[in-house]
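Given below, in the form of structure tokens, are the structures.
Each of the next two complexes has chain A plus one more chain, namely chain B in the first and chain C in the second.
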Partner chain A sequence: MTVRLDTDQEGRAVRSRKRAARRSAAEIGTPAMAVLQVAFGVLILVVWQLAAGRLVDEFMVSNPLAVISRLWEWIASGTIWIHVWATVYATLVGFAIGAAAGVVGGVWLGLSPFLSRLLNPYIWAFNALPKVALAPLFILWFGLDINSKIALAAVLVVFLVFVSTFSGVREVDRDLTDSLRLMGASRSQILFKVVLPSATSWIFVGLKTSVPYALIGTIIGEMIAANRGLGYLVQLAGSEFDTAGVFAALVVISVLAVIFNEIVGSVQLRMEGWKVVGR
Partner chain B sequence: MSAEAMIELRSLHKTFGTGAEEVRAVEGVDLKISPREIVAFIGPSGCGKSTLLNMIAGLYEATAGEVYYNGREVTDVNTNVGYMTQKDNLLPWRNVLDNVALPLEINGWSRERRYEAARAMIAHVGLDGFEDKYSSELSGGMRKRACLARMLLYGPQALLLDEPFAALDAQLRIAMHELLLRLWQENQQTIVLVTHDLVEAITLADRVVVFTKRPARVAFEQAIDLPRPRDVQAVRFTKHFQRLYDTIWQRLREEYVEEKL
Partner chain C sequence: MKSIRFALVAVLSAMVMCTAAAAQEAVKIVNIGHGYFSGPLYVAVREGIFKKHGLDAEVITVKGGALAFQAVFTEEADFGILSYEHVLTAAAQGRNIVSIFNIADRPLNNVVADNELLEANKDKSLAERVRALKGHRVGTPSAGGSGEKMLRVLAREYGLTLPGDVELAYLGGDPAAYVGAFRGDVVDAAMPFEPAGVLLEQEGLGGTLINIMSGEVEAFRDLIFMTVATYPGMLEKNPELVKKVVAAFLEAQTVLLDPERGKAIMAAEFPKLTPEANDRAYETVRQIWTEDGRMTLEGAKKVYDYLQPEGTATIDYEATFTNAYLPE
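Take a look at the complex of A and B:
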């Protein structure tokens, strides 16, 4: 037995050395690549700046310096934060509501073959519907203020989270749940100790893909009818033929989107530490 | 039923599906297994041996016939048995300690008490030092040890082992046989072992039950009267072992001759 353990450890040592080699190769590349990436971005901006007003009508594309000065104006006056906050709030609340409903629904139907078969055609019909088209309805129901944006964000999120949770729950290894049943586990123990943990990576796929959609739902809601928010800002700038303002608002939106994605990614890493350890 | 049987199967039938897709897995199995007995089930793959174990465990419902466990009919999941399969069924997001302690956690033991018991059992199966490893970091043999520790921790009187060591290499399998027999000497559980490996069956069991091709019926039984405690290394080279092997092998060939051709 000890002999076996030794060879095993040797094997693992070889494997970890290989892994280290691969990692160091990737690490050498990373800073150089980062420099290249920044250089590429700068190049695009320079080309944009030089082309604007010369090759392309400045009215159409504005230019980077104008966009930056518009951004600075908004930040200096503090007006941007009102809009950012409105969008962040609606996105987060909408995401939370949609995600919670999606997880609960996915687990529930995932554990109930009867219900999932009964509701199957309705769920797919709902999924096929372009949810953005519900915006006028939500504005009627929830009014012009933030609640209609929350509803639109939530309805975009709920289905994505539902589908991935549902699949995750259906994929749970029958042998694992059986082994817990043999230990005398109750239904809720099986749910919390096996079903949810093993569906975690699936649920996270749904959460991660739905974060941008929460933002989309909010922005579209704000563009249709609102008095604040980044979508409103894009809409307002566009209606005033303020191209620099449109680009500035788009920059803020994409920064927000990146931040949201990073947060989800780091939460997922923390929750699935065992997977990282294992590889 | 007789009072001394721990597990009793009475004209047990199991059919999966209906109509054209009907598969008769088990057809009329009668068997009594006494307390502390180690019985090995041998039969061609897919013959329904695992289905039998699942019915003893109460995971499958019998189509006809009954399973009795300690004199009571098994109608629901039988939480008095320990079950171990070829796949290790450790929760991959838990380390060894939390995996082994799982049955006690389910029974509502406090963290301190269950960790103490789990640590002792982990040491007992020779896995001490690996408490914080995840199953993906363990070798096949270590996973088996973790599974054994987890199964033994809640003290089942009967162990159902479904080809538990099939995926291990030969030396490791012998080490696991040694461990299993040592643990059995201490606790004297009833063990039902499904296996393909005739040497494993004879080495461990008191009785080898050979099943027919599907649908599974008992083809014949052979008592294994090798003395205990057995030295799993030495016992297979004894004359008596060889005689038993030849006897069973002769009958096995008769039983499966069609399949061979």
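Take a look at the complex of A and C:
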């Protein structure tokens, strides 16, 4: 009896210590987390550098120093900025068009049960299509210039934003809208004072999710037909057997994705300042 | 007085700009990827040959010959570097574009093999080397593409069945895919676009088993192969522009074929190739670049013979190419 009690107490003490450790890891401050994130990134780079040429053929994976050297070469010569700007411009315009269309479509169908039922199978059927397979068609329709890249980015964004906006509008508290209607509110008042503010979180989920897709659409368009842009750089580097160049372009693409994501997050914080997050 | 001076400056500036614009005619050219075979295009850009012929050339890279064809056919691009195979395939479907300059008169591929296959078939005849592919896996760029079709011609000629005796693997157009495939023993042989074969050799993974690019196979010699093409409307509405483009390519081709200049220009265009790799690539691809860009009916028909394009339209070969813009 005494032995079992001791074992139980020991077990409880161990579990208690583990719970305390998990809580303190979860509560780690932002500066400390940033340091850990950087350290983790450096660890990956070190492993990559050591593995290249030893465990994996360097032709296949290059190495971090070669990638950094290529990046620096592009930055020093200034050539990278033309390509960055081409990609950023197409991504932003495509994102704006896709987001606007997605929000408008999501709100419109969310407020119209008849239309949403009518169009539902067609929307989901089109959503299931691998849209990047549309890239050659878009080149045909919109040409070799930036328009086809913008169109591809927009079409990848519109469905993601539409789906989340639609869901957000459908989730609005019916009691709230009914109450306002009883008080004589017009449709536009209900839309702008209840529906849209309520759906904001959902809309931003869609926007944040779709940011990388806007970039993907642009990059794919540039890989297929372009003479500038980060996707074009990836293709060019690949065709010149320049693995370091491929990775360097991918690094720039990743950095852009992070920046775009942060921008959307900041806009969301400003627009949802009125919301009570937790009590 | 001030306003008169401003007006004068504005008018003079406009005249200068118009003159400059008139001197340089804008032209959009599509290129398939950044292939080594498009040597004259890179020479024309780097050596200012387009400018010399009054052309302000914008080069757009597209992924794949089908897209290049599409860009020219839809008049999105003025000219394109594309395979005569695409011209014939389109003609068989009743869609016409016209080749105006023959960049290469042989295919862009050799049959390369791993070291084991190479060693076992050293100094053997062409027939024996083709038959040596029996029971092996061969990589080609794409399903139903010209690489596969050429392999079928060789197989048929020397008693092999395809598929059956030879298993095919589709590896795309990028050389890195072939390096990976050979390293991983995914294939024993391949028909990549050169200079992928040069790269394989440099990596010690294999070498050329059948040298199609040197003219070893009669069926693949003296073809219309890689051409500069345009849409028929361009020939009607702006023959002077066509003449300028052809003249630029002809001059660029001449420079390219000069080993002293051509090799250096290609080295600058492909800076990531080692000097040795560039030398080998240049020597390999130089075999297929034409001297004068001329095309022949025999060359057109030879392409048809191995390609056998699908389509119901009767092909008017004379409508698919023209030497009219080449100097006499």
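We adopt the following convention: the second predicted complex is superposed on the first by the 242 of 279 C-alpha atoms of A that agree within 3 Å, B and C clash if a C-alpha of one lies under 4 Å from a C-alpha of the other, contacts with A are read in each partner's own complex, and residues count from 1 in each chain.
Quick note on the criterion: contacts are C-beta pairs under 8 Å (C-beta built on N, C-alpha and C of every residue); 3 or more make two chains touch, one makes a residue touch a chain.
Treat the numbers as computed from the prediction; the structure is a model and nothing was measured.
Peer 1: Quick check for you: in the superposed arrangement, does A:F114 touch first (chain B), second (chain C), both or neither?
Peer 2: Neither partner.
Peer 1: Check whether A:I224 is in contact with chain B, with chain C, with both or with neither, and answer first, second, both or neither.
Peer 2: second
Peer 1: Examine A:M60 and indicate which partner it touches, taking first as chain B and second as chain C; both and neither are also allowed.
Peer 2: In the superposition, A:M60 contacts chain C only.
Peer 1: Which of the two partners, first being chain B and second being chain C, lies in contact with A:L140: first, second, both, or neither?
Peer 2: Once the two structures are laid over each other on A, A:L140 reaches chain C alone.
Peer 1: Check whether A:Y122 is in contact with chain B, with chain C, with both or with neither, and answer first, second, both or neither.
Peer 2: neither
Peer 1: Help me check something: in the complex, which residues belonging to chain A touch chain B?
Peer 2: 1, 3-5, 8, 173, 175-176, 178-185, 189, 193-194, 197-198, 200, 272, 274-275, 277-279
Peer 1: Please output the residues of chain B touching chain A within their complex, sorted ascending.
Peer 2: On the chain B side, the touching residues are 57, 59, 77-79, 81-83, 85, 87, 89, 91-95, 102-103, 105-107, 126, 134-137, 139, 141, 154, 171-172, 175.
Peer 1: Going by the contact rule set out above, which residues of chain A touch chain C in the complex?
Peer 2: 57, 59-60, 136, 139-140, 143-144, 223-227, 232, 235-243, 245
Peer 1: What part of chain C is in contact with chain A in the complex they form?
Peer 2: Residues 28, 30, 33-35, 58-63, 66-67, 70-71, 74, 76-77, 174-176, 179-180, 183, 199, 203, 270-273.
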